[in-house]
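These notes open a run of structures that come right after.
Two complexes, one shared chain (chain A), two partners (chain B, chain C).
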Partner chain A sequence: MRTGIAMSNPRLAFLFVAPALAFLAAVLGWPLVQAIILSFQNVGVIGTAGSWVGFDNHVSVLGGLGFWNAFGRSAIWVVGNAAVQTALALGVALILNQKFPGVRIARTWIILTWIVPTVVVVIIWRWLLSTSGGMVNPLLIQAGVIDRPVGFFATREGSMASLIMINSWRWFPFTALMMLAGLTRIPSDLYEAARIDGASAIKRFTRITWPLLQPTLLVLGIVGTLLSFNVFDVIWLLTAGGPSQATQTLPVLIYETAFKGYRLSEAATVSVLTSLLLMGFALLATRAMTASEDAR
Partner chain B sequence: MKTRLIAFAGFASLLMAGTAYSEPVNITFWHMEQPPHRVQRMQELLDEFNKAHPDIMVKQEPQSWGEVYAKAPAAFAAGTGPDLLFGIPDFTTVIKGIDAVVPVDDLAKEMESKHGFVPATIAPYQYDGHTWAIPAYNMAISMWYRNSEFKAAGIEVPKTWSEWKAAAEKLSVDGKYGVGLPANKQLYTDQTVYALMVNSGAQDIYNEDGSISFDKPETVSAFETYGALQKLSPPDSTSWTWGEAEACFASATCGTILQFSVINTYETQAEADPADLGVAPVPHADDMTESGTISYSNAIMLTTKDEAKQAAAKTFLAWLLEPANYGRFLTMEPGLFLPVTNDGAEAESFWSDPVVTKYKSQVETMIANSKNGKLFGFTTGKVFPSIGAISGQNVIAESLQKMVVDGDSAADAVKYGQQKMSEIAGK
Partner chain C sequence: MKRTWPQSIALFGGLGLLAAVIGLPFWWVASGSIKVPREIISRVPTMVPHSFTLQHFEKLLQSTDFPGYLLNSMVVALFSTAFTIALALPAAYAFFRMEFPGRAALYRVILLAYAFPSVVVLIPIYGLFARLGLIDTRIGLVIVNIAFALPFSIWMMRSFLASVPREIEEAAVIDGAPPRVILLRILTPLIAPGIASVSIFTFIASWTEYLFASVLIVSDAKRTIPVGFAGIIGQYQIDWGLLLAGATAATIPVVILFAFVGRWFVSGLTEGAVK
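Our next item is the complex of A and B:
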C-alpha cells in the first residue's frame, strides 16, 4: 500500500525528484541521444562532420563477427566475475558475520582493495605477475605448481582468467559487505531454533542462510552484472583487449573503434546496441526480482 | 587651448598606460611529456622565454599519449584546443584530417637554413605541398646489451639476424632470456616489428597509389625472424610495453632488447656502469648490408588560426631551437631525446648534461642510428590518411599476435595484416 507524499501530492513529489531527473537527463540522457544520432551517421574522427546513413551502421555491426565475438567475451567476463566474486564474497561475509576479536577492524580493512585506485591495482598486479622480478612465478615454482615462469597474459585463456581474478580481487570486498548487510538482517532466533532442533551447520546454511540471502544476491546479481559488463579500465590497462583480441569485451571494442580506428559512428552504434542489451537485461532482472518478492 | 592640451595629455597618458599594461599574447602548449622532471624542465624553459618576451605568455598543459588521440580532436571541435600541440607523424595526419593544423612552411624553411634539420626527422611532416610541424626531438630504436655478458658468452655484437639469433640462444641460460621482444597489441610492438621490417627491405607499407603493400616476402621474412627470437623472450612479453622491456634489461633477465633508450633505467635501477652498457644498430637480414631502424620524430604543430598567436608561437619555436636553449630541452630526458638539427647535435647545452656526458659514446651511437630511421606510412614521400587508423589500431602488432599467440604461420599473419590494412584504407 502506497502512503505519504507521493500519493497525497504527486506534483510536490515530482518537484522533489525533478532536480535529480534533470541532472540525469543532462549527464546521461543527452549523451545517449547524441550517441543514437551518431549511430545513424558516418562520422569518423571526433569533431568532423558526417552524413546520414540510416541503418547502415546497425546492419554492418550486427552482421559482422566483431560485435558478437566481443559480446561473447563480455558474457564470459560477467559470468566469470560473478562466480569468483560471489564465492569469495560469501566466504568472507560468513566469516565476518561471526563474533571474534578484531572483527570490526577486519570489516574495515576488507575494503582496502576496493578503495585502491585502478591504476595502482594494475601496477601491483603487473609487477606481481611479471616474469622479471615478479613474486608469483617464483612462489609457484617453489611450491612445485609450475617448473618454469609462465606468462599470465600470454595465452587467450590465461589472459581472461587472470583478468577475472584481478578484477574479482578488487571488487569482492564490496560484494562481501553487501552480503554481510544481508546476513545481519537474518534473525538470530532462526539459527537458535535450528540449533535446538539439532540442525547441522551445513543444514543451517542451506535452509536458513542461503534462502534468506536470495534477495540480496538478486540485487547484487543485477548491479554486479551491469557494473562488471561496463568495466573498461582494468582490462585496457592490463591487456588492452589482447592477446589477439582474447579480452576484447564490448567496452574495449567501443573504445578501440572510436579512438583507435577513428570510426565514431560505428562505435556509437555498438554503444547503442550494448545499451539496449543492458536495458533489456535490467528490465528482465527487475521483473524477476519483483515476481520473487510477490511470491514471498 | 589649455583645456585641449590637458585633454590631449590625458588621452595620451591613457593610451600609454594601455600599452604598458596590454595583455600578452597567450599561447597554450599541449605536450605529452608528463613525468614531473620533464614538466619541470619545460617550465624552466617557458619561464625563461616568457621573461625574455614580455608580450608573449606560453603556458604548458601536459597531456598523456593515451588520451590525446581522443582529447585533442574533441577539444578542437569544442573550440578549446591548444595553440601548439606535440605530435608524432601519424597523429599529425589525424589533426590535419580535422583541419586543425596550420602549415609552417616559412618557419621550417627558416629553421632549415639556420640550424639544418636531420632529413629523416622532417620528412614525415612534409607532404601535400606543405610542412605540417616543426620537428622537436627524435627517438630511434637501437639494440641494447651488456658488454660483460657478451664477453662471458664469447659473443661478438650481432650484425645480422642469424648472428643475433645465435647470440640470443647462447645468452638463454640459467633462467635468463637471450632477447626481450614484445608481442603485445600495442605501439611498442609495432615499433620493434617495424625495426625488423626496415632491416629486410619491407619498410614501405603503401604503394604509390595508396594501396597496401604489406604482404611481401620481405615482411614474411621479418615476421619469421621475429617469431623465432620471440620464442627466446620472457613468456609475459605478450603484454609488454616499453617499461617491462626496460625492467627486464635492468634486472639482467634479458640479454638484448630493442628500445629507444635504456640509459635512464640503467643509470637509476641497474649497474650505472657506462663501460658495460652496449648499444648497436638493430641487426639486419642476412642478405642485407646495412642496418636501419624505426625512428619517431616528435614535432610541434601550430594549431591556431589567430594570426597574432601564430606569430607568437613561431617566435617561441624559433627560440626553442636555438642551440643554447635546445640542448636543455632535449635533456629534459637525458639519453632519450635526440637532436633533430645539425647544430643541436653539437650544442654545448646538450653535451654538457651530466648523464649525456657519462654515456657519451652510447648517445653518439643512438644519434648515428637515428639517421637511418624510417617510419611506417611515411617512407614513400606520399602520406595517406589511413595511416592514422592503421597505427592507432596497431595492425602490425595485431598481425604479429596472429603468429605468436594464435600459432598462424608468418605468411598467414602477414596476409591477415594486409587484409586488415586494406580494409582500413578502404573505409
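Our next item is the complex of A and C:
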C-alpha cells in the first residue's frame, strides 16, 4: 500500500494525533477512570468524601431490581426505536433514491427534525399530543380511530410507545440519509440487467437492493443502537422517567440516582456496568461485521 | 427510464406523506405561535390561524432572557466548532494518510468513545470542573462539546481525505513543501466540503446539547437555548402561546443556517457514512 507524505516520519504523525488524543483522554478518559474509582467508594452528594467499600455497590446494584428493570426498559426502547426507524427510513431512502424534480431540496430539508434542539421537539409533541388544543386527538377522532381524546402519557405502555414514536420522528430522517448513502452505492447496471431479464420491481428489491444494503444496515444497526441507547433529553423532558418509572431507561436511572437521589457512587456503579454492557455489545457487533466482510 | 402510472402515484404519494409528517408539526407550531390563546387551546384546531397576535413573542422577550440564551448558544456553538475542526483535521490526516505504530489501535480507542453514554462521564466531569472552576462557564460547555463531537468528526473526514489523489501530496513532497504547508495550503482547500459538513455537525450538536448544559450551567445569564427553554417549560403553568413562540424562535436560526449550508452537510453525511 502506498502511503502519504510522512511514511518515514511517525513522530510527525504523533504530533498531529496528540492534541486530539490528549483532549479526549482528559475530558472523556480521565472522568471514566474517576467513575470507576467512584463505583468502589460510598460517596453521596457531589463533592463530599467517601471511603472504600470494594465491590459492595456492584453487588447491591446487580442484586437489586432497579438496574435490571431499567435495563429491560432500555432494551424495549432500543428495539422499538430500531424497528420504527428502520421501517420509516428504508421507505424514505427508497423514495429519495428516485429521480424527481426537487429531489435535492427533499434530501436537504428532510433532516429538519434532527437539527432543531430536542427541547423544541419536546414542545412540538407535548402540544400536538395534548388534550387541549393538540392536533393529534381531533385527527384520530375524525379518522374514527378513537371516540374521545386520549392522554398519550397517561398509561405506562402509552408513555413508552409515544416516546419511541417521538424519538423516531426526530431520528428517522438521519437514518434515511445514511441508508440513502448505501443505496446510491449499489451499481445501477445491476438494475439494468435485472430489468432486461424481466425481473419485477419486487424481485429487484429482494434480490438486489435488500442483500446489497445489508452492510449499511449492519453499521446503522450498531451505531443506531448506541445512539438511541444514550438518548436522555427527550425522555427526561417529556416524562422524567414516569409514570411510575415506566420510561426510566438506564441513562435516566443514572441521572436520577446522581442528581435527584444524591447517591453518587451508586450512580457511578450503574454507569460503569452500563458501559461494560455497551462495550460488550460494540465488540460483538464489530466482530460480526468484520466476519461478514471477510465472508464476502 | 419511464415510470408507470402506479409507480408515479406511489412515489408522489409517499413524498406527500413524508412532507406532511415532517412539515405539519412545524407548521402547527409556527402558526400556533401567532394565534390568540383562546384559539390555541380550541377544541377544534384550526389549520390556518383565524387570529393574529404577537403577544407571545412580546412575552418571550419581556419575561425571559431569550436573546441572551440565543447569544450564549451562538458563542458556545461557534467556539466548539472552531476548536473541533482544529483538533480533528490534523488527527484525521494522520490517521488516514500517515503510517505510524499503533495507528489502528488508537483509531479504535477513539471510536470507542461512542460506546459510552454521555451521562457516564457527567458525574466525574462535574467534579473535575468544580475543582478547575469551570462550573457555570461557557468555556466548560465548549470543552464538553468538543470532546463529544471529535470522534464523529474524525470519522467523517475519512472519506473526504480518501477522495484526494495521493499524487498531489507526492508532488508537493518532491517540491520540498513541509507537511504543515501540505496540510493547510494544499489539502485543506481540497477537502473544504468535508470541513464544512463536520463544522455543521458540530455546530448543531452543540446547539442542541441539553444534558451537560443543564447540569454545568447554574446562572440564568449563561444558559443556552435548550436549558433556558426547558426552564421556561417548568417555570410557568403551561402557557402554550409562550412555548410555541419560543419553539418557533429557537427553530428559525437553524433553519436560516441550513438554508445556506444544508446541501453541504447532507452530501457530507451521505458520502462520509458507511464506508
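Everything that follows uses one rule, which is that the second predicted complex is superposed on the first by the 280 of 296 C-alpha atoms of A that agree within 3 Å, B and C clash if a C-alpha of one lies under 4 Å from a C-alpha of the other, contacts with A are read in each partner's own complex, and residues count from 1 in each chain.
The definition used in the following text is that contacts are C-beta pairs under 8 Å (C-beta built on N, C-alpha and C of every residue); 3 or more make two chains touch, one makes a residue touch a chain.
The structure presented is a predicted model; accordingly, all values stated were derived computationally and were not measured.
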Discussion item. Do chain B and chain C fit side by side on chain A in the superposed arrangement, or is it a clash?
Written reply: clash
Worksheet item: According to the contact criterion defined above, which of chain B and chain C contacts more residues of chain A?
Response: C
Worksheet item: After superposition on the shared chain, which partner residues are touched by A:L129: those of chain B (first), chain C (second), both, or neither?
Response: first
Item to complete: Look at A:P215 in the shared chain and tell me whether it touches chain B only, chain C only, both, or neither; answer first, second, both or neither.
Response: second
Item to complete: Give one of first, second, both or neither to describe whether A:F71 is in contact with chain B, with chain C, with both, or with none.
Response: neither
Discussion item. Taking the superposition on A as described, I'd like to know which of chain B and chain C A:I46 touches: first, second, both or neither.
Written reply: both
Discussion item. Touch test for A:A268: chain B only (first), chain C only (second), both, or neither?
Written reply: second
Discussion item. Taking the superposition on A as described, I'd like to know which of chain B and chain C A:F205 touches: first, second, both or neither.
Written reply: neither
Discussion item. Contact-wise, after the overlay, does A:F259 reach chain B, chain C, both or neither (first, second, both, neither)?
Written reply: both
Worksheet item: Just one of 8-16, 26-34 or 62-70 in chain C hits chain B in the overlay; which is it?
Response: 62-70
Fill in: Footprint overlap on chain A, where chain B in one structure and chain C in the other make contact
46-47, 130, 132-133, 258-259
Fill in: chain A-facing residues of chain B, complex
69-70, 73-74, 76-78, 94, 97-98, 175, 183-186, 234-239, 244, 247-248, 251, 253-254, 388-389, 392-394, 398, 401-402, 404-406, 424, 427
Discussion item. Quick check: in the complex, which residue numbers of chain A touch chain B?
Written reply: 44-48, 126, 129-133, 149-156, 159, 238-246, 256, 258-263
Worksheet item: Which of the residues in chain C end up touching chain A in this complex?
Response: 7, 11-12, 14-15, 18, 21-22, 24-26, 28-29, 32, 40-45, 87-88, 90-91, 93-95, 97-101, 103, 106, 110, 112-128, 130, 143-144, 146-147, 150-151, 154, 166, 169-170, 172-173, 179, 182, 204, 207-208, 210-211, 215, 225-226, 229-230, 233, 240, 243-244, 246-247, 250-251, 254-255, 258, 262-263, 265-266, 269-271, 273-274
Fill in: Residues of chain A defined as touching chain C within the complex
2-7, 9-10, 12-17, 19-21, 23-24, 27-28, 30-32, 34-35, 38, 46-47, 91-92, 95, 98, 100, 104, 106-120, 122-125, 127-128, 130, 132-135, 138, 169, 173-174, 177-178, 180-182, 184-185, 201, 215-216, 219-220, 223, 226, 229-230, 232-233, 237, 250-251, 254-255, 258-259, 264, 267-268, 271-272, 274-275, 278-279, 281-282
